[in-house]
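What follows is a pair of complexes built around chain A, which joins chain B in one and chain C in the other.
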Partner chain A sequence: MNNHLFLPLIVPLMGAALAVLLGRRRTLARAVVLAVVLFSTGYGGWLLWLVSVAGRQATQASNWPAPFGISLVADLLGATMLFVSSLLMLGAVAYSLATIEADYEQHFYYPLLLLLLLGVSGAFLTGDLFNLYVWFEVLLMSSFGLLTLGGTRGQLVGGLKYVVLNLVGSTVFLIGGGMIYGLAGTLNMAHLGERLATLREPGLATAIAGLFLFAFGSKAAIAPLFFWLPESYHTPPPAVTAIFSGLMTKVGVYALYRVFGLVLANELARMAPLILALAGATMVLGVLGALAQTEMRRVLSFTIIAEVGYCVMGLGLASAAGLAAGLLFTAHVMIVKAGLLFLAGAIERSAGTGDLRKLGGMARREPVLATFWFLGMLSLAGVPPMSGFFGKLALLQAGVAQGQYVITGVAATVSLLIFLALLKIWNEVFWKKSYEDQSKLPRVSVAALAPGALLVVLSLVIGVAAGPISELSALAGAQALDLTGYAQATCGAGGCEAAMSELMK
Partner chain B sequence: MYDSVILRSVARLMLPILLMLAVFMLLRGHNLPGGGFIGGLVASCAVILQMVAFGPTFARRALPANYLAIAAFGVLFAGVWGLPSLIGGQPFLTSLWLPQPIPGVGKIGTPVLFDVGVFLTVVGVTTQIALLLAEEPLLFPTERGPADGEGAPRA
Partner chain C sequence: MTLILAISIGCLFAGAIYLMLRRSVVKLILGLLLLSHGVNLLIFTMGDGVRRGAPPIVDDAGLPPANVADPLVQALILTAIVISFGLTAFVLALAYRANQAVGSDDLNDMIE
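Right, the complex of A and B next:
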């Protein structure tokens, strides 16, 4: 049995409860939180290694047999996302330990972070559609808390839009889940995939696919549904912005990959042109927004949207190569974008503002930080030795190979525009001379610099080790579309339908 | 808040009854309607009724407890009772039962103890939310004297 799959759920939950109970004993509570994220990161790495050598891992919660109970399944797609997100959470906790105010800590900042990690881990591991909804709710609840903690006017205004749109998305997800249960009579994703593949009347499945596209698309911030993101992401402390940029939209992307790759594979083929069009629109609108902004974290928030367009483009190509490229790009952008936001947060903290017009002279004042920012910027833009190059290259190659020239052209052009938006930050914040006297500003501490710098270094490492990593992602892309293998791992050798009729006897 | 003699008398009477009903619901819940969640809601109703009848200050005094800590402890407690099966090589939360039912209480196993954790969490969370809302000075300005904010509703 693979009962270790429960650990990334049990440990953050218990850790969060313990951290609330410890409350005032701050050192002890911090130690618990740090131990939990260290464990999760280590476990995520180990699980990724295990899945890459031994194939998919599955277990059944409460020992209820497969198509009836809740299955936990780790395949390469899920395990990669789990590892990267626990790594980012480790970075966020380390950064928060260095920067977050005591007031936040008293209002359960760290327990909320752990609950966010719990929700994300659950979403990446579950093999059950309704359970996926539950994990979405867990992570949304904690994100509502994190976003509005502090209670400033901007946070509440942004938080309100965030909450409303996400609740609408969740409701549509729930409606879609109810309809798919009525249609297929099961919620286990492997079983659903088997039953929907042989459906006589596929019209209803198309309607359900549209609902899921809306629900997950609103969480992933794709084209017409992204307006909540730039309204809310720049308001909380930088650590929260960074972890949100890494996790929240990417959980939506993961859910799109999982549900469309596995459950609604027929619909994916049918809806691919629509998904590609949405991806293109997301890229263009996101990057145009980024070019128009004049505040560091707002520019970066809009580029998040543009990059979600690339992640969704991987899905819209509707092939194993497309999904593999999309996953490679998603993992890269999670790491680099969080790293850049940590660095931007360090600057903002030191200078007291994120306004591009007021900042300046940072290249002279903080040369180490400027170096890492520059490297991260190159990576995000897709300049060769860094991870961004290989992510984008894989996407463009897959696009050309499938004859999707329009979206490939859009992706290549938007890539240049993203570079332009980031260059604007570079020019204004680092390169131009400061108008004001900066000698009194506090220096950026090593502890605030380290998480962002290490993530940028990790991007460089991914770029150098691109060979094995792209092989792994190719395998993950093939696995994400392989329903038979997934069903065998979840329900046993005969697949879920056979397992169910066996159990009914 | 309104002041009603009937409500006050009933609320006083209902506090012990509701709390006992909550425990009853909790213990029968595994195979019959009830359980930790419903039991927890009934128990928190007991406190919320005091709050409606006498105000949040009295409700805090009637059952003095740190509801947030109760909720956190409940989560921890519920989770812990999934662990014995995990240690024994079974999936998390697999039910383990005592072989004989205990007279007057019924069958006891890890699901019942898990339910106790759920009970504590629900009591803690719902009561804390209700009390915090009622203690919000802008919403109920009479409770703590006139509110200084503008546009506050006058009761």
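Right, the complex of A and C next:
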């Protein structure tokens, strides 16, 4: 038994409850929150190390034997996502401690962050499809709270659209979950994969795969389901935008990887051209949107969409190499994008606006921040030795190796356009002279600069250590498609079907 | 039985989608409610009581007992009902606040 897998669920939950109880005693509540995210990050790193040396880890809730109960399974894909997410949450909490208004803190901002971490951790660890739905609801519920906490007009209107579209996506997920239970008679993902692989009439499985593609695609913001994202992402405080960009869409990407790689592997092969086409459309539409915007966080929101296209392209290649490259890119983009949004938030806070036309002269005013922004921008564009280069290189290599020249060409072109969109921010915010008198504006504090800067440094570290990290991601990609190994880890050496008939006797 | 359920589910989905395509926020939320009811019934039909006649419960001999409905779908539906109840409460509160901020129930007015 590896009951420690419950720790990343119990600790944030208890931490959130404690932080609510300690509401008035702000210092103590903050200390609890910081301790929880530090623990989660440490645990995530340890779990990733454990999974990479000892293979998949699994445990069963209430000791119900799999496949009857709910299993928690950590493989390299889940553990990597868990580690990176906890790391980003640590950054978000550190950034919030420096910047968030007292009003937010009084209205349970930190408990909501911890509940978001709880939902995300559960989604990455669960081995049960319906349980995945429940974790999605947990993380969505806290994201609704975080998004609308300020109660401004933009937040309420954007939040309403976000909530409604996500509810529709969740409902479709529920339909798919119900239908897959009717089809296969199980909800354990390993068991589902075994049963669906030997299905005699796969027509219904294709329909279910379509439902899941819609449900997870709307969460991941792929074309044509991304409209809620640019409506809502720029409205909350920068810390929330950064953590949403790092976690929310990427949980959708993770669910696509998990469900299509493991449960619906046959359908993945069948739907690969459609997924690739959607990935290409997502990249192009996202980057065109980014080029048309004139506000820092809006530009960055649209580039999130373009980057989701790259993540989904890894899935659409439908191979271990594709998934490995997709995972490497996803981890990289989570880190760098959150870093850039923290930096953009620091600028916005200091200058009082995120409008590109009004900003200017930041390279002279904040040279340190400008340096980190520049490095992060190079990373996102894919310039060596930053992490973005290796993520994109792996994707393009996998694309060329599998003869998918069209999507590879689109990905390479869009990459340049993303660079162009980021250069627009660079030119307007940092390079051009300011038209207004900025001498009275406050300087960016070290505490507000540090989280973003450290994430950019981390991207550089990933780039320098690209050898071992891409080996790890190659292993993760192979694991994500390896149903037999996953079933053995979940249900025992004979797989889930054998375990079930054994238990029935 | 399956036919009646199928027709009810179809009606719920049709009504839900019709309401959700209206411009009024209240009708949109009512549509979401109907949709969640439709899905709950859909999950119900997926249970073995309706379709396969074999609940995931076995007696000591490893055989499904007679006259027992599939308890798993009911547990799933219960979970889904609780979640949709909580979410509906939140959406209603959010719609009320948005209505106050915008001064209109029309989605076309809800632009920035």
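As a working rule, the second predicted complex is superposed on the first by the 505 of 505 C-alpha atoms of A that agree within 3 Å, B and C clash if a C-alpha of one lies under 4 Å from a C-alpha of the other, contacts with A are read in each partner's own complex, and residues count from 1 in each chain.
In this text, contacts are C-beta pairs under 8 Å (C-beta built on N, C-alpha and C of every residue); 3 or more make two chains touch, one makes a residue touch a chain.
Being a predicted model, the structure only gives us computed values, none of them experimental.
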{"item": "Which superposed partner A:Gly185 touches (first chain B, second chain C, both, neither)", "value": "second"}
{"item": "Which partner reaches more residues of chain A (counting touched residues only), chain B or chain C", "value": "C"}
{"item": "Touched partner set for A:Ser439, first chain B, second chain C, both or neither", "value": "neither"}
{"item": "Partner chain in contact with A:Phe6 - chain B first, chain C second, else both or neither", "value": "first"}
{"item": "Which of chain B and chain C A:Thr198 touches, first, second, both or neither", "value": "neither"}
{"item": "First (chain B), second (chain C), both or neither touched by A:Phe144", "value": "second"}
{"item": "First, second, both or neither for A:Val164, with chain B first and chain C second", "value": "second"}
{"item": "Partner chain in contact with A:Leu21 - chain B first, chain C second, else both or neither", "value": "first"}
{"item": "Those residues of chain A which chain B touches in one complex and chain C touches in the other", "value": "none"}
{"item": "Touch list for chain A against partner chain C, complex", "value": "68, 130, 134, 137, 141, 144, 148, 151-154, 156-161, 163-164, 167-168, 171, 174-175, 177-179, 181-182, 185, 187, 504-505"}
{"item": "Chain A contact footprint on chain B (complex, rising order)", "value": "68-69, 71-73, 75-76, 79-80, 82-83, 85-86, 89-95"}
{"item": "Footprint of chain A on chain C - complex, ascending", "value": "20, 25, 28, 32, 35-36, 39, 42-43, 45-48, 51-52, 56, 58, 62, 72-73, 76, 79-80, 83, 86-87, 90-91, 94-95, 97-98, 101-102, 110-112"}
{"item": "Contact footprint of chain B on chain A as seen in their complex", "value": "1, 3, 6, 9-10, 13-14, 16-18, 20-21, 23, 59-63"}
